[in-house]
Amino acid sequence: MIIVLKPGATNADVDHIIERVKSLGFETMVSRGVQRTIIGVIGEEERLRELPLAAIPGVEQVLPVLKPYKRASRELHEADTVVEVKGTRFGGGNFGIIAGPCAVESEEMTFAIAQRVSRAGAGILRGGAYKPRTSPYSFQGLKEEGLKILRAAADKLGMGVCTEVMDTRDVTLVAKYADIVQIGARNMQNYNLLSEVGLLEKPVMLKRGLSATVKELLMSAEYILRQGNERVILCERGIRSFEDSTRNTLDLSAVPNVHLNSHLPIIVDPSHATGRRDFIESMSIAAMAAGADGIMVEVHLEPEMALSDGAQSIEPDAFEALVSRLKELAPHLGKKTS
Amino acid sequence: MIIVLKPGATNADVDHIIERVKSLGFETMVSRGVQRTIIGVIGEEERLRELPLAAIPGVEQVLPVLKPYKRASRELHEADTVVEVKGTRFGGGNFGIIAGPCAVESEEMTFAIAQRVSRAGAGILRGGAYKPRTSPYSFQGLKEEGLKILRAAADKLGMGVCTEVMDTRDVTLVAKYADIVQIGARNMQNYNLLSEVGLLEKPVMLKRGLSATVKELLMSAEYILRQGNERVILCERGIRSFEDSTRNTLDLSAVPNVHLNSHLPIIVDPSHATGRRDFIESMSIAAMAAGADGIMVEVHLEPEMALSDGAQSIEPDAFEALVSRLKELAPHLGKKTS
Amino acid sequence: MIIVLKPGATNADVDHIIERVKSLGFETMVSRGVQRTIIGVIGEEERLRELPLAAIPGVEQVLPVLKPYKRASRELHEADTVVEVKGTRFGGGNFGIIAGPCAVESEEMTFAIAQRVSRAGAGILRGGAYKPRTSPYSFQGLKEEGLKILRAAADKLGMGVCTEVMDTRDVTLVAKYADIVQIGARNMQNYNLLSEVGLLEKPVMLKRGLSATVKELLMSAEYILRQGNERVILCERGIRSFEDSTRNTLDLSAVPNVHLNSHLPIIVDPSHATGRRDFIESMSIAAMAAGADGIMVEVHLEPEMALSDGAQSIEPDAFEALVSRLKELAPHLGKKTS
Amino acid sequence: MIIVLKPGATNADVDHIIERVKSLGFETMVSRGVQRTIIGVIGEEERLRELPLAAIPGVEQVLPVLKPYKRASRELHEADTVVEVKGTRFGGGNFGIIAGPCAVESEEMTFAIAQRVSRAGAGILRGGAYKPRTSPYSFQGLKEEGLKILRAAADKLGMGVCTEVMDTRDVTLVAKYADIVQIGARNMQNYNLLSEVGLLEKPVMLKRGLSATVKELLMSAEYILRQGNERVILCERGIRSFEDSTRNTLDLSAVPNVHLNSHLPIIVDPSHATGRRDFIESMSIAAMAAGADGIMVEVHLEPEMALSDGAQSIEPDAFEALVSRLKELAPHLGKKTS
């Protein structure tokens, strides 16, 4: 941690800061330049972060030096974490494919979509039983009934289930049916929910918040990891920007960014990132090219009849074509599709 | 709802769309221009929104016409909603003042701050007992112990208590001690939590999410209102932008924006909006000038010792000076401070 | 400048960096912590900034310590700069009012508006003769003809003229007619244009770019100041964010931010910031309350007939009411209106 | 164009709007719904856009229907535009490679880099002779001397030259030496400059502005195209967002977005988009996978000695490895590298 003092900081200010910092058990190192005095603070930065050093008179800025996450960091865990679910692997060169409807609408529809995406090559079935909807008047999901349908469809086809939990009270129930418990973008900083899924013995998919930096995404993963659950799959699903022709702005640089700083796998959700079915194919291939560890795609038999997010769902035929292109490209891009 | 067709849309496309829309019980009105065909859809727009019309072949864009919120809208409720808590009023020309520490750290400190802000003119005591912190290694709050301290301090001084709830499981407990239950920015789209506080017989303060539009803020309020709780106070607390010299970017135009579209009161939190104690005074006065229905300010006896957010807290003397300026300005700005 | 090394940086890396920095005439100070080695570089930071230190192997991040602007900085120029134009003052407690049509459309209309805004209390007449329009098919301005009209109208009423220049080739011509030469938001980083107006003996109004930080705004001012022109008025006119109910997002915290870091005056343009005539009054008053040194408002006799930006223009009556409110409030907000 | 009226709009309001619109030569079509009245306006939307319809009393919102660009639109020009420069092609399945130093620093260095990037497979040499720098104290380029060096280096190796022009006064001079005249991100809305390069008989590379939407990028291209110059190459180079670990946020969805709406080629500049040399390889490959028509990469012999942007430049060896990966992948991604 480095403390930069204001130009007019007095000796008394400097002494006060040093005293304050030392009283907390840290060492200091002062460097007086012509224009600024700088104080280096040495010690456990994690504890230092807690100190409101910027509130001390005479302080202009406080510059942290270390990364605020530990268990999620590649510094302490060099090898890639590989998460395996029912034979589908994410990370360490493995590219996992998750597909299914936005929301579970009915048993018949879910089985039909599951069959198509399974045949195309997806190993994990996605589908929302609890749906976070901007409007309280929108379809909110079938709840446990939806979980049962998902489980049955996946079991029949030997697939895994990935589905979202939105409420701490539902964690046990959702985990009973899911193979991967998903934390949605709107809940990325719902810390109680993160802590709760950190206690599960199931992989967690953590989606990046609409206005979260990659660093904050890793901090949220840290909440899960410190509870003991190390099987976290991150998911880039677009961030909010001023561009209004796509639903969100897909930040593909998050992929090498996460790989540089963390051992956790990161997949891409081109459906939510763009909100446009006509961009899903190109963004899925770009995701694999960028080094992503998988994708999650919304597929619907009749997007125009979907109860949720039809505009960003593709049809089974398009999904089949996409997966076959990805499988052909995988060896050239250093990826294995299970 | 207006459907704009792609340039090359065929008659068959048009017929398919009309048929699809009519089968759902809506009326259509077709207008064929030289360059585009447009289909107006007449009926309850709320239900129309659910339809993935953009997924129908031939559709270029779908333009909604009505606002997606109802109970929060001024159209259905012309008069300003005034929320009153222990004699402090928000809305309808009343300017309420909420102040206190970011987090409840100890009984002694809380009582001392409460006394100072009460004497200065704040009617509501704020303080976090459950703290949403980016890092799992940061101070997370005193929980129920903190709630008890807040309640006792407020009761001693005849103040109301405003404090945050983060988990559906804690709603009953927090409501037992609080006069205003706060939903933090990170939980603005935690819909289960919104529905839960919508069942309370207590006012709710709903903070705008870091990347939420004013429309989405009103949609989130709608989740609370539809449960029967109409005492919602909105709070502008800064949105995320590229500007990095302030913690967030205070969007003061949200104040006239909410007043135009909704009957709910909206207050401003300059502490979180700027993250800088040196901007709090000017932004508080600007908030009143913009027509805000109150402010919420973080005050700490010794900001440099605060366990949370010290850099954005002001000292009691500065707070006292601020409130006395606001009281002097209020009549000139058409506001009453209780 | 502080260089933070990567965790695995070797002694050879450290030596290489020190050697590299010393060969350029700077001194270094090394501090080896348990987790990171840090190298402080002492010397003229301005020259240091030029060095691509981040490209040296072993370097994790480079943290600047000083502000990158000098002449615009309050550190070197403590007193407020006051810019005076035909009796209207900006800065140092003076609140100047600029008003007029978005574009000069005709002599008759310009004279009529000028008369109304002058009578209401505006000292400076604004109006575009060269208009930067997103579409090449939109009205592009009357050019020199427009400048002549502006000049004549202002002279008749004893007002100053503020008008935009977009091209280095037009600087001399525009300066012949204008009292304040305006650099628009889209040209905030048109460095040749900045250098050119820096040679004028006329005040310059520099508008903040749509995606420029306050620091970058001050860096652009620096281009003007270093040419010798110290009469620069900054203008906050909204930045681009995800919020789509206003044209831009007015960042009022830019006002105390500029005042803290610079001696230059800063005014607010609520017309472009919000794009909505119904928010202009509240945002103008909020601007004065935030400490702004003036406002610039678009006024049109018949906004619905305006050739440009009608939706964000107010009518003369509304402008008159606004100015009279501002004049009444000024003494309470520590401002003098000329 | 569709006009949505406010809930309380009177018959007189409706009549006034219709009269106003008709007096301008447009036809109207009124639809009275239960909650809103809607007026469709039929006619040349280009002219309609000019009307400040939103300023008419009773109007709630004005919804445009058509795209505001014409010559850049795929609607009027279905086939891909292919731009060819010295044997290097952009567009129509061709993937062109541009590389070179950020700035031309010296003849020796430029020749050395040119030789390396040419050998690796780049057909176009980039390099700045006029540099837009945030700080007036940074290296501003060698100007004409730099142009001569670039030309000589390119001629020796049979390459094309791509270099930036920043000032209308320099267009003729820059065009004398360049094969592709570049408009930088900061000048994307410098309309006079756009009009000037529209008169050249040379291809223009137009970079997306830091806060420009794809639609605005196409509007700026329209300024060039309408002057008669149809050889425009667009360039996605990252947009500004809140994410601060990369210099900008690469918006790869701009690639399919441009391809859907326009016939113009679009390339990607991963150097400026990320500002980080360690992300350049993955983002270049992702760009090709997304369908981009080429890339522009900064290469420097010794990035740590570069006078500009060293942190985002890669070394010749890394560039060679990148090009060889791209060439291997091209046939699998449906691209031809010249």
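For clarity, chains are labelled A, B, C and D in written order, and residue numbers in each chain start from 1.
Just so we're on the same page, contacts are C-beta pairs under 8 Å (C-beta built on N, C-alpha and C of every residue); 3 or more make two chains touch, one makes a residue touch a chain.
Everything quoted here is computed from the prediction, not taken from an experiment.
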Any chain in contact with chain A as well as chain D: B, C
Centroid comparison with chain B (C-alpha atoms), farthest chain: D
Length of the line joining the C-alpha centres of chain A and chain C, rounded to whole Å: 38
Distance from the mean Cα position of chain D to that of chain C, given in whole angstrom: 26
For chain B paired with chain C, centre-to-centre distance based on mean C-alpha positions, whole Å: 31
Junction residues of chain D - those touching two or more other chains: 211, 240-242, 244
In the complex, chain A residues that touch chain C: 2, 4, 7, 29, 31, 33, 35-36, 38, 40, 42, 45, 63, 65-66, 75, 240-242, 244
Residue ranges of chain B in contact with chain C within the complex: 211, 213-215, 239, 241-246, 249-253, 255-257, 260, 273-274, 278-279, 282-283, 285-291, 328-329, 332-333
Complex contact set, residues of chain B against chain A: 20, 46, 49-56, 68-69, 132-140, 166-169, 186-187, 189-193, 195, 209-211, 216, 219, 222-223, 226, 240, 277, 303-307, 309-311, 313
